[in-house]
Amino acid sequence: MQVRDYLLRRLALLPVIMLGVSVIVFTLTRFTGSPVGIYATPNMTPEEIAALEARYLLDQPIPLQYAAWIGGLFRGDLGWSGVSVAPVTEVIGLKFAATLELAIAAGLIAVLAGVALGTVAGVRRNKAPDHGARMFSILGASTPTFWFGLLLLVPFYLWLDWFPLGRSTPEIFSSIAHPTGMYTLDALIALSPGAFLDAIRHLILPAVVLAFGAMAIIVRMMRSSMVEAMSEEYVDAARAKGLPNKVVIRRHARRNALLPTTTVIGLSFGFLLQGAVAVELIFRWPGLGQWVTSAVLSGDQATIMAYVLITALIFMTVNLAVDVAYAYLDRRVVLGE
Amino acid sequence: MSQDWLLKVEDLSVRFQSRGGDAHAVEGVNFEIQPGETLALVGETGCGKSVTARSILRLVPEPPGKYVAGSIKLNVRGKGVVDILSATTKEVMAIRGERISMIFQDPGKALNPALTVGSQLAEVFGQHRLEMILAAAGIDPSKASRAEKRIAKQRASFVQTRIFALTRKKKAETLQKAIDNAVARSLADTGIPNPKKIMKSYPHELSGGMKQRVMIAQALACDPDLLIADEPTTALDVTIQARILELIQDMQKRRGMAVLYITHDLSIVREFADNIAVMYAGHIVETGPAKEVLANPQHPYTSGLLGAIPHRRTPRGELAAIPGSVPQLINPPTQCHFASRCPWAASACKTMAPALHTIQENRKVACFRFDSAEDLLIENAGMPTPAKLAGGN
Amino acid sequence: MTTKTGKMGATSPRAPRKSAGTVKWARRLEVGREVLRNPLTVIGLSIIFLFLLMAIFAPLLAEPNQPDPYQSPRDWSNIDSPPGIAGHVLGTDSTGGDVLYGIIWGSRLSLQLSVTVVLFTLVFGTIVGSIAAMKGGRIDNLLMRIVDVFLSIPELIFALAIAAVLGPAFSNIILALAAVFWVKYARIIRGEIIKVKQAEYVAAAKVVGDSSWNIYRKDVLPNAATPLIVQATLDMGNVVLIGATLSFIGLAQAGLTEWGALVSAGQSGLLAGEWWVSTFAGLAIVLWALAFNLVGDGLRDVLDPKTEGR
């Protein structure tokens, strides 16, 4: 019951925050030379531009402009993307799916590998695996994602040619239908092993690079919560019952250590979104990150603004989901102990 | 010396590595527990009684601890004698929870907060009574599948359990029922009302007394020969303390189980212990039948301890505390560790370590006062002799 | 039982309260010594010191280019040369710019960037957070909602949007980062103030007549100093990381001797086998961030041991 209340409370906050985000984005748009540039398509006649200006109340005071802009948003008008030569709303879906696929793959790698490494480090505290894990963590937090990506590109792409750039090989890609917009899923649905392999080959390197930074945080959190869990009395009590060491670690210590780690998983998703910008740029991955980097270089305001809005929305939703999951899992928190 | 003993601790020495050197937590400890006996291991915090208790189940983490010397022999009925300290891991795991069980001070901390109490109890059955559970579910233990065994042991993953429940609905139900019944019976045995409901609860949903009952149920699930109770009442309300102790005594009588109480609460000793062993700074300094030792303590530390307990006849304003403090245990000098606080210390006490001597049948003390004056070359002839002390403090 | 230690004047209600004040310096020395006991922290500090020297003595280490020292001098006869040739210790990029020059002068930019941003955000964030917590009520609510909004946009993305709007320039990167990074400090100080507010001894102090400002100075700040300092140290590294990413994407002016921009400049060469530009420039970034992370962690271990599972 309390979980639901908590969920409702957080859900109620979401629109408020999105409103705040919209204010910030709107403010940024007014900083550009010509706010109408967001909506203007190339080759527009002066009359059309004037009509746009009237429509969006660009000669009116700021609050009215804001209202007009929000109105446009709700009508589905996010402006014209110069880099994609199309309305933002047309292209954003596909880009979003591409980034989502990358982020999920990286997230899975980061969580699975990070939890495993952190567990070992915590159990073998102050021994070799622990030191290795800590070094890994701190390097992960100090290495710029774009540089790491370049570093891996040279051996794996240039020398070994194991992993190609981009998202797919065009012939294979067009051989199957794309209901979800995520190549790997589409390949599974179409039961095409060739497409699936192609998808994975392209996905693996960028996903690993992206996962690196997130993994660093997860390993560190998992390690410290494992160390804490291992020193708890219920671990001794479990041993005293005659349970084998592996069971004690897995079922008793780790299960409790995973709890605080889930909060970090939400945080690391923010890292994934950020890292995606550089990763998509370097690996030519056609997602939101690559989209916005092109936009930045060509002054495409509509794309940038849409990008900020959608990223904030995704980030908040993920954090909400993680917090609710945490509240559900840690019954002590929910029941107020 | 009868051969019917249940547990024999011989010359146990446990040390802990620390930055400044090795801390001698337990030194040369000897004691015996008979089947059905209630022994209280008494002493103040840090005297080594908890380490001794955990050593019996080999629970001391090894680093930083190490079992430097000694043996802990368990007389397993029908199987002979096992030295726990030199046994294989498998043998030790078979003993833990099955021949020797332990309950801990704070049941709130000793129960895993992420699992239901029923699940934790079921683990014990899964580990030590697997065949029984499987048989109760109508499964032939020798033909049981891995999934069935894992579920019985509470080790199946979430996914595995769900798949099993879907694909073999009937079997899953009977298996779960068998587990639940065993758990419920165990809980009911300790007087817990409504065991089916309690089983599904998480530790934080239960009261302190209830949690301790659950721990006791868990410890006694496989009918062990020895129960080690490490400060079982310290974390409980006074009103519940008595009930829990009576419960333990009751279970003890019904099953003929021995109990080792680790405590600093002398009232427990008075009411429930047959024998007492007093520990100080890692050594046992006095042993004997509880009633006699409490009425007539022989070791200066014991008498100091008893003198420190306020009771009705203590004059107002006087609380006799033992002056000084427990000595540091890192690389300790060879001497009686109580010498600096002992009102009867002689020069010999500061240069040699006294061993446990039998001064009467069943009574042992580690103090030089019970050696003859000639052996020790003591100048101070005014030192009190055992005869003078026999009249009480 | 312990013997009673009497403290002079501690029991008199009129005497000035002795809080963190007088023992502060002794404690600081103690902390300093403890921090230095960790070899990793010492390594971090050394690296920082070296970078500091590099930045300060840049003109001596590498002859400043005219008119703008932050543009590499172009050696058109030696473009794309590997390390060690023609006096270019670390090689040159595709326009003949010396890599070592870029790194040395880039350290100045990194120093500028991190110090400016961290100083500003620390002060600004602390002020905002303090106001929010001290005033409480609706002001607190409003300010914290603003903080929430800022936190819902990932840092890099937010800074990217701001820098893009302002135009590609290093100074705009500084502005963008400053606008984004202050929220963490506001949260930290607000949390500390609320904690202190709820502590009993503050109620006692108020009864005695201590002013809010005094309480703030003596009880809140010393306690809050720890997480603030740790965060500031870590941010010294983070700011440069994100700043480098922004210049990598292209939000700094062309040809700037900024480490991220250098990595970007070396990108095309990478695929042709010319690894030195991107690698060395990137290494500089890693070392900088690593150093501050090591020191920040070391500080955190000593000052707030419960956050690290030692």
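Here the chain labels run A, B and C in written order, and each chain numbers its own residues starting at 1.
The rule is simple: a contact is a pair of C-beta atoms (placed from the backbone, for glycine too) under 8 Å apart; a residue touches a chain by one contact, two chains touch by 3 or more.
Given the structure is predicted, the values throughout are model-derived calculations rather than measurements.
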| item | value |
| --- | --- |
| Most distant chain from chain C, judged by the mean position of its C-alpha atoms | B |
| Higher-contact pair (C-beta pairs counted), A-B versus A-C | A-C |
| Inter-chain centre distance, chain A versus chain B - centres from mean C-alpha coordinates, in Å | 52 |
| Mean-CA-position distance for chain C and chain A (Å) | 25 |
| Where chain A touches two or more other chains at once, by residue number | none |
| Residues of chain A defined as touching chain B within the complex | 232-234, 236-244, 247, 251-252, 255-256, 259, 331-332, 335, 337 |
| Chain A - residues contacting chain C, complex | 13, 16-17, 20-21, 23-25, 28-29, 31-32, 122, 125, 138-139, 141-147, 150-151, 153-154, 158, 223-228, 270-271, 273-274, 277-278, 281-282, 292-293, 295-297, 299, 301, 304-305, 307-308, 311-312, 315-316, 319 |
| Chain B residues touching chain A - in the complex, by the definition given at the top | 54, 57, 59, 93-98, 101-102, 104-106, 109-115, 123-124, 127-128, 154-155, 202, 204-205, 215, 218 |
| List of chain C residues in touch with chain A within their complex | 145-146, 148-150, 152-158, 160-162, 164-166, 237, 241, 244-245, 248-251, 260, 263, 267, 270-271, 273, 275, 278-279, 282, 285-286, 289-290, 293-294, 297, 307-310 |
